[in-house]
Amino acid sequence: MITLEHYIVLSTILFAIGMYGVVVRKNLLMLFFSTEIMLNAVNIALAAISNHYGDLTGQMFAFFIIAIAASEVAIGLGLLIIWYKRHGSIDLETLQSMKG
Amino acid sequence: MDYILSLLVFFPAVAGLFGFLIQRDAMRSYAITIAIIELIFSLALWANFDASNPFMQFTEHASIVPAFGINYLLGVDGISLFLIVLTTFMSLVGIISINPNTKDLKELLIALLFLEMTMVGVFVALDAILFYVFWELSLVPMLYIIGVWGAENRIYAAIKFFLYTFAGSLIMLVGMLVMAYFYFQATGVWTFSLLDWHMLQLPFDYQLWLFVAFFLGFAIKVPMFPFHTWLPYAHGQAPTVGSVILAAILLKMGTYGFVRYSLPLFPDASVYFLTPIAILSIIMIIYTAMVAFAQKDIKQLVAYSSISHMGVVVIGTFALNPEGITGSIFLMISHGIVSGALFLLVGVIYERRHTKKIAEFGGLASVMPRFALIFGIMMMASMGLPLTIGFVGEFLSLLGIYKVSELFAILSGTAVVVGVVYMLYAYKNAFFGEVTNEKNRGLKDLNGREYTTLIPLTLLVVFLGIYPKPILEPVDNSVKAMVSLMHQKALTEEAREVIPEIKSEEVK
Amino acid sequence: MLEAVNISFESLNMATLTPMLVAIVGALAILTIDLFKEEMDKTLYIVLTILFLVADLSTVLGQTMGERGFFDVMLIDGLAILAQIVLLIGSIIFIPLAFSSQRFHEYRYPEFFALFLFMTAGFQFMVATDNLILIFVGLETASLALYTLIVLHNKDKSFEAAIKYFTMGALAAGFFAFSGMIFYGLTGSVELFKIFEVLEARNFEPMILILTASVFMLASFGFKMAIVPFHTWGPDVYEGSSAALAGYISIVPKVAAFVVIMRIFEGLIASGIVWIEYIFYAIVVLTMTLANIWALVQKDVKRMLAYSSISHAGFVMAAIMIGTTQANSAIFVYWILFSFTNLGAFAMLWVSHKKDSNYHERFDHPFEKFSGMVKMSPLSAVLMGLFMLTLAGIPPFSIFWGKLYLVSSAVNAGYLVLAVIMVLNSAIAAYYYAKLIVYMFMKEPETGVDGSVYMMNASISLKVMLGIAAFFTALSIFIVNPVLELSDFFIYSSGF
Amino acid sequence: MFETIAFYTFSFLTILAFAITVTTKNVLYAMSSLAGGMIIISGMFFLLNADFLGVVQIIVYTGAVIALYAFAMIFFDSTKDIVETKTGKTFFILTVLSSVMLVLILTIPMASGQVEALYPIHEGVGNAQDVGMVLFTKYLVPFEVAAVMLLVAMIGGIIMAGKKMDKNLTEIKENEE
Amino acid sequence: MSEETLLYIALFSPIVSSLFAALFGTVPKRVFVGVVTSGLIGLSFLSSLALFIHLQSGSGVVHVQMFDWIMAGDFSVPFGFLVDEVTVTMMLVVSLVSTAVHIYSIGYMEHDKGFNRFFSYLSAFVFSMMFLVMSDNFLGLFIGWEGVGLCSWLLIGFWYHKHSAGWAANEAFIMNRIADLGMLLGIFLIYWTYGSVQYDVVFSAVSEADGEILTWIAIFLFIGAMGKSAQFPLHTWLADAMEGPTPVSALIHAATMVTAGVYLVIRANELFALTPEVGLFIASLGAFVAMFAATMALVNRDIKRIIAYSTLSQLGYMFVAAGLGAYWIALFHLVTHAFFKALLFLGAGNVMHAMNDELNIMKMGGMRKVMGWTAILMLLASLALAGIYPFAGFFSKDKILEVAFDGHYYILWATLWITAGLTAFYSFRVVMLVFFGKERYKDFGFHPHEAHDYMIWAMVPLAVLAVIAGFFEHQFVAFVSNVLPVYEFSEHTHHMVGQLILVTSAIAITGIAIAVFSNMFREGVFSSAFRNTILFKLFDNQYYIPKIYEEVITKPYMELSKVFWEKVDMKIVDASVDGIANILRSTGENTRGMQSGNLSYMLRWMAGGMMLILLFAIVYTYSDVLLNILQGVAK
């Protein structure tokens, strides 16, 4: 029997994978992928909980998270493009002019 | 006369603001005029002051933050009256003493006028927050004065002065808030009014903590050992007028705080902490006098001597009997005049020679006899010679502490010895002997401007030494009222014993 | 088949939504104007923005407390109104900084102003609801707009700042989602009042999950508030944005953030889980102290102000931890007074903006730039000095009163040690503020610098703004009481 | 039974796909596996009776997001590999440990038995209809705000990618055009 | 004129004189300054005389109070003045010697640049001294006490361009201050015991206080007296004070100021009478100092220092008398001593003047030929000092020996007896070396000459008194007995008086004889063999006490001060404050690397920070479980 916990553990594993990507990757594009993964992971859990309780709020939440993820992609890509235009790279090591 | 205190506080500041409109060359005359008017105001206050009334007079009241009990509450009693007059007087002297060729004279004078406001404000405020406002605000003009017109190392000195005293007073602020909270708990009313606070009898252990919080703020300002190290830097680097004001008035804020806050609010804690504070004061007296003795810079020497004398003031305050407290208040005034004069005198020679190293001088008595004479008089006053202003306060303070403990009196009494050692040593090296340095040979004696500042001070030093009654009497009345309040408030047996009961007919 | 729903218009309680609608309509209006006629001067849009914001504010003032609307999604309590007032005033006083005499890339876009209004609406949504979903959506609307605004400054550093901000923001969004998911899983609801209801019914068990959710939430909003260790974006973003926007970032988004934190954590702290209090305590102390220590060693004024804002945020977090009504009210008093001062400080940097900055290879506002400023531009030096003193908490200038009330709330709630730590931090902070004063008043000017640079970017309107900031800062003693009473009134009546 | 098999399969696949995404050096692989993972997640949604969500997932993610990324990748020179600095062993272990910690925490059953669904799923009603009902009543305001958010994102994206950004008024002198 | 006016004239004409001279302080010499000041001091003398006559007629003491000085709490002290028999005696002595010295100084200081200034200081001194003796309370006494100290400082350091003068002035002041502290403490104790510092209040209630407290008061007051009267161990300043102009030495360091200590003991006789053990200590110390100082005077070559040591020695005598309760005898010796010692000093001044300020008696000799009058006067003074009948010193000194004998303090008596011999010896050693024998000064190229006539005349009254004062012993006793207790000799002593006088005179004459004869045989008196003995070295180096003070007190004080400043204040107190600032700063500098600007690190801070907090959360939640596990591991 697959219980709610299964889904939540799966969700958490995926979230952890996403987080791992965020902290180790140097490619800005990959960072954005990783954040997408995190958000998607949460969606699974929300859908599962929603199913468990028989309550639609979880699905709503997931729905809005998808919307948010999509908007973030737009802005994120815009930023990447502009940076790439100026610097010819999307390596985050290039973003180090400010420190200290 | 209803609003004379507000007038006293804000007149210099408003005049300072208008000062921006004054043309540079005319600024000195303007500032002197303002300072004279301010002095006249303060003298008028004195003239209208009822010396037989030991309580607050000329009180003014307005709400600032009624929701939080912060009020604009002013008042003056015998304790603060003379500190106010001293402030206005020394400010005038300080302003006159400034060399007209000083750079950026206008800014300096405006800063001084603002400073005067804050100083007067501290002494008239009866609301803790208002007191704190003026207290902190006084740092700013002083920071500016030291930082701009000081010697080479001025910025370090200015910042040190600023941060050190700022940190201390912030702790005091917490203390005030706690005090207000206790008051609120006891009565259900938010108030920062000192007069209300005086009526509150705090439990003993609360008193201890609050006393420590207030103590830190005041002790740094005084400055008590071991919080004193900002002072030599500040004095060493400050311009003459800065040193004069700093020594004459700003330091008094700390001891005034002790008298106004620590004693009446926390009588039991005052008794409880009497011994440690007395020990600190004794260390201050002896140790800093010795450090002064080792100084090579005459201004630093006078600075350390200030610390040593403030030790006597503190120990007199914590004698907790009318003799000691009255004496310490008188000593504040006398130290204000004398140390101010000493710094002026050091400024005189600094202006001529651009050095303060004692070793650079020698034989000045033959080149500048009048200068040497006035310096000598001030030195004697500083040493507490009878019939000079310095004696009365020192004597009474030591007399007071003798009642508390013979040992403390003996140890703090060494002030009369150690204080002499460094002063005479410096005087001998600077004024006695042959003129060895060629640069000293052609020095001019005092000029008119310097006479104008020094002669009134000299006269005061002698006059008040012979006839201190006009000051002692009102001070004593208010002190007696305060001591009797403390006695009534005291909870512990020990405190009742140490704080004497004042016979009711003496408190008018 | 579901039956159709009938909803009366009144039950929607339109008034709860009007303020945000005004802002959104304003934004759309600006976009529309641009459609009809391009290349209009920025002044038109600035004034329009201000007008819409004022209209927005007036509708906020017209709101009544304790209302819910739109199927109980909207929540207008005292906190919401107060927060909206503060953030709208913040927006209103910062947007006129766009009246710069120099050209800046961002102001040629009408979209800048549209986004500004969208952002304001987003923040308003955040504070005027207790629904996690709406909070999230509002937060993202505002954040995305803000990233864009930063980028529009169109300098390498602003891109860098925006990318850093954005990426960390995305992570924070992930955290928020995760936290929301756990709360939902625990309670079956995303509405805070309901969440607490259920949690209470469950006796706050399983605690570890509640704590996990709290930690994620804390990380998410800690990022927004820039508290240690989630603060790292702060200095870089301040440095990369224009001074005008940096000042805005230091004030308005944080209002929205701490209102949400208040809504979420007040309940949790009050729940008796002392761990949350401990962790807040630690974070608060770390934030205040470390930020101050870092600010000590900065070489650029703007960066220094960035760290100082972090430290000020720490103060506010302390009040949230204390959690008494007085503390909550103190937050707003503090923040209102703080915003005028910060406006002044950043506006001073803004008016001294110089295009070909040759002071320093990296910094636009190194301390050296202000060397001997009083000699060349005395009035601006005095103003800047005033703002610095105020930030340092010198009475009787504005922040002092906030600090006083805040420390008092700590004292009253028995947090004596915290109070002492707070004031000692003020003393440390005084050092770096005094440092700028030292540069301005006590050092000699650098050679080859003339005074005009300090007013390079000034226009009449900017000077007026400076005057307003200085006025409120210097004479705050007269406005403290109304502010205090206002804040007390709203906070008391909303039960925080 | 079917659910179990489907769950484990989907789980395995999503984990694998996302693991590839975050570890691979090749951006194309990463994007492809991301897209794959997302489609599988939509399968998971169907499994959870969230049909509407599943559809949206496919449309928005694979349709819009991945398409956007793809276009962007055309713009970026994807052949240019980005040097991924090796992370230290300790860091890796720490990461794994904290992930394990997180997962362990989340194994604790969180659902409460007493919770009553506020917006219950109706039997015999299509999921899309059900969702629509709630979305346009209770979540009307968030929905509208989400629209604004998308608008903001759109404006932002357009401006940033637009030509106007090429000439920098912030940095050039006043009199230059 | 009323007595009050007389009192005020006696008291204030010196200060008027001082201020008058001060007006001309910085202008070149004006002879009239000297004349006017002398006149005013003379006026003071005349007033004192009038007061004396008034008291003599038995019309009671004069007591005035001018106005309140210090009033605080219960403490209240006015400016009050009291003229009784003791006071008027002191006044007469002070004003008389002062007048003589003023007149004398006109001549002595004639070539000095600071002529006017000198008179100002000198008159100020007279004022302070008058204040000291006339005050009706302890605090007023203290004013004068400090005032004379100040004037002494000014006058010792009068030739400030000389390094040694400045040094000596400071030494004198500081040593006096140490003693003054004792005095001050005595006053505190008096106040807190009796509630007043007025003589009449205190003395009328003196016996009410606890014995221990009385002892302490006596000790404290005597410490004050020790400093002013240069008793061991605070004696070193007196010899060094000879750096001042000689008239100063005559007035201050012989006749008046140094006797203030004795005056204090006499004045507070009611108190000291109740504390006999302190009295005995005073007497013992006095006897010790008498001998101790005499031995130093024996071998010294500096004419002024010899006289200074002799002063010290004579003060010891006075303290013996005062300590043993014979107050009037102490006062009597004080008076006679003032006359002959001032005379001696002024004579020495003449010699110095003639010798261009040369002080070494080995460079003089045979000077009677050029300055006959001086020689005669000094001879008279020396005879008086030696205690030869019928000179004044004989009467007073003898009485002191009798007192010691009477009290069965035979050791004291013996000490004083030997000292009497020593005194005679050294005083005549000086006389012989200066005025008789070979004219050694010629070898050094000096051209001595006699002093001005008026200087000699100024000395004459003193000389006369030095000769005849002793005969007024009985009148004196009668006069002061109103105030002071009369010392009653026992029967036994009464019978022995004759023998005692004989014995004493014998040793004095022996001393003189040795001095005279040895000088005839050997110039410089001492054999070179004696010079090499330890004893001589001890005497010659003043028992090494100045050196010990230098090594044990002065230098360590300086060193300690340096250490306090450089090591403690700068390195510890200040450095710890700066240290806090530096720690903050360096923490900032060292940790700002945290803000590396690298986005990856930023994200790691964020995620890592959150994970850390989460870890804390787990620890908190499962703290019980974890503790159990830990305990299990421990087992």
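Per-chain residue numbering starts at 1, and chain names A, B, C, D and E are given in the order in which the chains are listed.
In this text, a residue touches a chain if its C-beta (ideal position, glycine included) is under 8 Å from a C-beta of that chain, and two chains touch if they have at least 3 such contacts.
Because the structure is predicted, anything quoted here is derived from the model rather than measured.
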Neighbouring chains common to subunit A and subunit E, by label: C, D
Remotest chain, subunit B as reference, centres from CA atoms: D
Centre-most chain [mean C-alpha coordinates]: B
Pair sharing more residue contacts (C-beta pairs) when A-D is set against D-E: A-D
Farthest chain (mean CA position) relative to subunit E: D
Gap in Å, rounded to a whole number, between the CA centres of subunit E and subunit B: 35
Whole-Å gap between the CA centroids of subunit B and subunit C: 43
Length of the line joining the C-alpha centres of subunit B and subunit D, rounded to whole Å: 70
Mean-CA-position distance for subunit C and subunit A (Å): 26
Subunit E: positions in contact with at least two other chains: 581, 592, 595, 597, 599, 603-604, 607-608, 614, 618
Subunit A, residues touching no fewer than two other chains: 4, 8, 11, 15, 18-19, 22-26, 31-32, 49, 53, 55, 57, 60, 64, 67-68, 71-72, 75, 78-80, 82, 92-93, 95, 97-100
Junction residues of subunit B - those touching two or more other chains: 163
Complete list of chain pairs which touch one another: A-C, A-D, A-E, B-C, B-E, C-D, C-E, D-E
Interfacial residue positions of subunit B with respect to subunit E in the complex: 160, 163-164, 225-226, 228-230, 287, 290-291, 293-295, 321-323, 326-327, 330, 363, 365-366, 369-370, 373, 380, 385-387, 391-392, 395-396, 398-400, 402-403, 406, 409-410, 413-414, 416-417, 420-421, 424-425, 428, 431-434, 466-469, 472-473, 475-476, 479-480
Subunit B-touching residues of subunit E, taken from the complex the two chains share: 25-26, 67-75, 139, 142-143, 146-147, 150, 153, 157, 160-163, 165-167, 169-170, 173-174, 177-178, 180-181, 184-185, 187-189, 191-192, 557-558, 560-562, 564-566, 568-569, 573-574, 577, 581
For the subunit E and subunit D complex, residues of the former touching the latter: 604, 608, 611, 614-615, 618
Touching residues (chain side subunit A, partner subunit E) in the complex: 19, 22-26, 31, 92-93, 95-100
Partner subunit C, residues of subunit B touching it in the complex: 63-68, 129, 132-133, 136-137, 139-140, 143-144, 147-148, 154-155, 158-159, 162-163, 166-167, 170-171, 173-174, 177-178, 180-181, 184
